[in-house]
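Structure record follows, encoded as structure tokens.
Letters are used for the chains, namely A, B, C and D, taken in the order the chains are written, and counting of residues starts over at 1 for each.
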């Protein structure tokens, strides 16, 4: 029995499609980090390719087959191999993959040294064609921000809150999530920890009070650090403070494409 | 032409259904508050009824018809009328409606008096049968919480953050969202405002520092106030602090059914 | 008493900021549509401006003041006025506002003509500078898609599902949400309705079966219609099918900037 | 240096707290399933205990310490051990833990047998006291539903869509997620797969058309199967159809406590 392949029919509308594929498919894999350490996690994947004007449809099931066969282990290094393999398997010119997942770092509390895992959202996004490969890594780093205005005008105390600093970086392949996280946490009023003993809590409370920063200060100081880092080709950097005195956020964005 | 009504067929499985209906339908309406003031908003509605064992299906389109015909204006008072009308229209014994929406209060900043709207999530949920009508109102009140431990152990400063206090109250019909909001905001380290001038920001910063409260303190103090309020028949009260020094929340729950 | 204005201090880091402002503030307003009809709704707003390198901080409270004073009524026409007013009030060169909200159309069922409201997500996003004003309108249109492959290869039936078609259009100011919705719904396997009688359900079931479309067909046919519409300067068009036979989506994207 | 332990102070408000602890903390772990197979995943945990009236605060950091020390591996069997250990560590009478995570099953396509992973959301929730241990397991099973009314009244085709069947079961400890998934998938119009070849797509299209079910039919048929399963002590069962012809869901609920 032959079943007609409707997707393979010719198409007469003369309309190429930028991206076609699958979206929001969950998949477990092992993420290999900077030092080759392996960490099991669960990702949400988007996979797509371009479609030339003369082809009616893409081969949707091949994306899923690739995910199930070749995506047991992902690192910044093998991500471009995966992109190229997918683009060939789909008989396309340009291929796109993005994978979002949680990544954990086993941090030491600042005074007692007690260990605990902190979670960071990571998104790897790549684009492959014969001409070039582009890899972008986005990390959401949760930190503490303490308001300089509140500290200055109040006789005591200062409002502070959790903030998200989101850094999306185009890299030549040698910059790792851990590097970005370290770079960012040094510029916050304080970094976060899952587990703090009382001595640690005293430390981070005073540290934040000693380092008041507006949302404007945070993006400027992180941008300054990203500008000095030669492995960063371009970046989009956002800071969002979930204000403890308002029901909305303060936020700021700096973009920089070093090649232009 | 007659079209068979499949839902009206008899059913032989001998299995009554607790609730059947529609979920997550958006609908614009005017909410009438305590003082008869009208406020236009957009709600997300769930509507359902019980289904006796002998009936194959309910009349899904009647829920939507009722929403479009009879839900232009909703108040705590007419909510039970709506519940009864729906239950009769669906030829059922028990009917359920819930509506979630944003409600705004035009607040005055504490020192300058400058006005701005603050948003609160409200959920009205009711159940009607010939024997009894139950109406529950749930309000999420965003506030500031400041940590007593951090204040005590640090030489200066204290971590603080936005918190959600969620109060779900069964009432005899005379308790309004505004009453619950006022009662709760008085027990927080500080209430929130959308617009604060520098004098106001100084005030709320110092106020929060003067009123440090653990998540345990907040639920205890709000519970104490709810216990004294005779219009409250029973309640579930939750507090969640989006900790500024961690990437997780602290939370606490107190439940009380005064009739038992 | 004078309170120091910390934000107004000079800044020595030599780092201009692309955007700084407020994010995710909820605000009720009246949306004025194509025919001047008014519809009350609740929006989520982002408001920001650029910040020159020499200024430490922006004036966060002015955004909130503007929202509370000047945003009672919003139309495609007055959105650029609002953008300009905000940019001046913040003493900036470039200003950005986005507002997301639900918009309802009172649709007639295809056979019985019975009326019901259907909700569409709209996002207005604008950018103002002395040189130019750009307004973008994004609409999410929920529709039915029916799979041509499934129809062709099965002896009976065909899998179908709800899909989202998201159209983001840069316009010269004369293109309305209603126009985009009408244009898109004509290209789907079938449009959606909140209320359908049995005769209507028969109609949309057969209509979808008579109009099978891959996610690729939908984006091509909508792109073709957008290309013919002279009020559209450029667009990004996405279709996402929440596949009824998978636990992930099929999706496709076509972008076109007519001026290039 | 001694740092005062503010949480350990006495409390005079005479107000016990039902639950106090931590919420929405992410943690990676290995889930051990029915056959002892291990699957690495990432969970979102809530952990809490009761607090007697005389104690000011609980020991928040002990929850995080326990998670980091004792939660590398979780099974239905060791979950009660974890609950008891936590309750003792917090010096409390009643302890509560919930963990939500994605679980994957490697399914075979119905005709070609090609393998692919499908994801299911699982929530383990337990409560421990000296008197009793209660363990609840909730599984969200995505399936296809096809409308019997649409099939009956249309000359051809039938609307169908993705649905979520959510089963929350109290069990004596011998019922596994896989058992619930198998039981539920047999009652749907069709089960879902991530990867289907054309022969498989033909099969599931025709299978769904041959098994039309209202949301009412699905809950009745699943309830019937749960009633026959002696390892199920009580259950709450919900079905939600993300209707392909509407922009809202149809849903139904059956609850049964066999012991009453």
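Everything below uses one rule, namely that a contact is a pair of C-beta atoms (placed from the backbone, for glycine too) under 8 Å apart; a residue touches a chain by one contact, two chains touch by 3 or more.
Small disclaimer: the values here were computed from a predicted structure and weren't measured.
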| item | value |
| --- | --- |
| Any chain that touches subunit C and subunit B | A, D |
| Where subunit A and subunit D overlap in contact partners, by chain label | B, C |
| Far-end chain from subunit A, centres as C-alpha averages | B |
| Averaged-CA centre spacing for the pair subunit D and subunit B, given as whole angstrom | 25 |
| Between subunit B and subunit A, distance of the C-alpha-averaged centres to the nearest whole Å | 35 |
| Numbers and ranges of subunit B residues touching at least 2 other chains | 3, 25-26, 64, 119, 149, 153, 194, 196, 198, 202, 247-248 |
| Complex interface listing, subunit A residues touching subunit B | 118-119, 142, 144, 146, 149-150, 153-162, 190, 192-194, 196, 198, 201-202, 204-206, 208-209, 242-248 |
| Parts of subunit D lying in touch with subunit A, wherever the complex brings them together | 3, 5, 25-28, 30, 39-42, 61, 64-65, 68, 101-102, 104, 114-117, 119, 194-199, 202 |
| Of subunit D, residues touching subunit B in the complex | 3-4, 6-7, 11, 13, 15, 17-26, 46, 48, 51, 56-58, 60, 64, 148-149, 152-153, 214-217, 219-221, 223-224, 240, 247-255 |
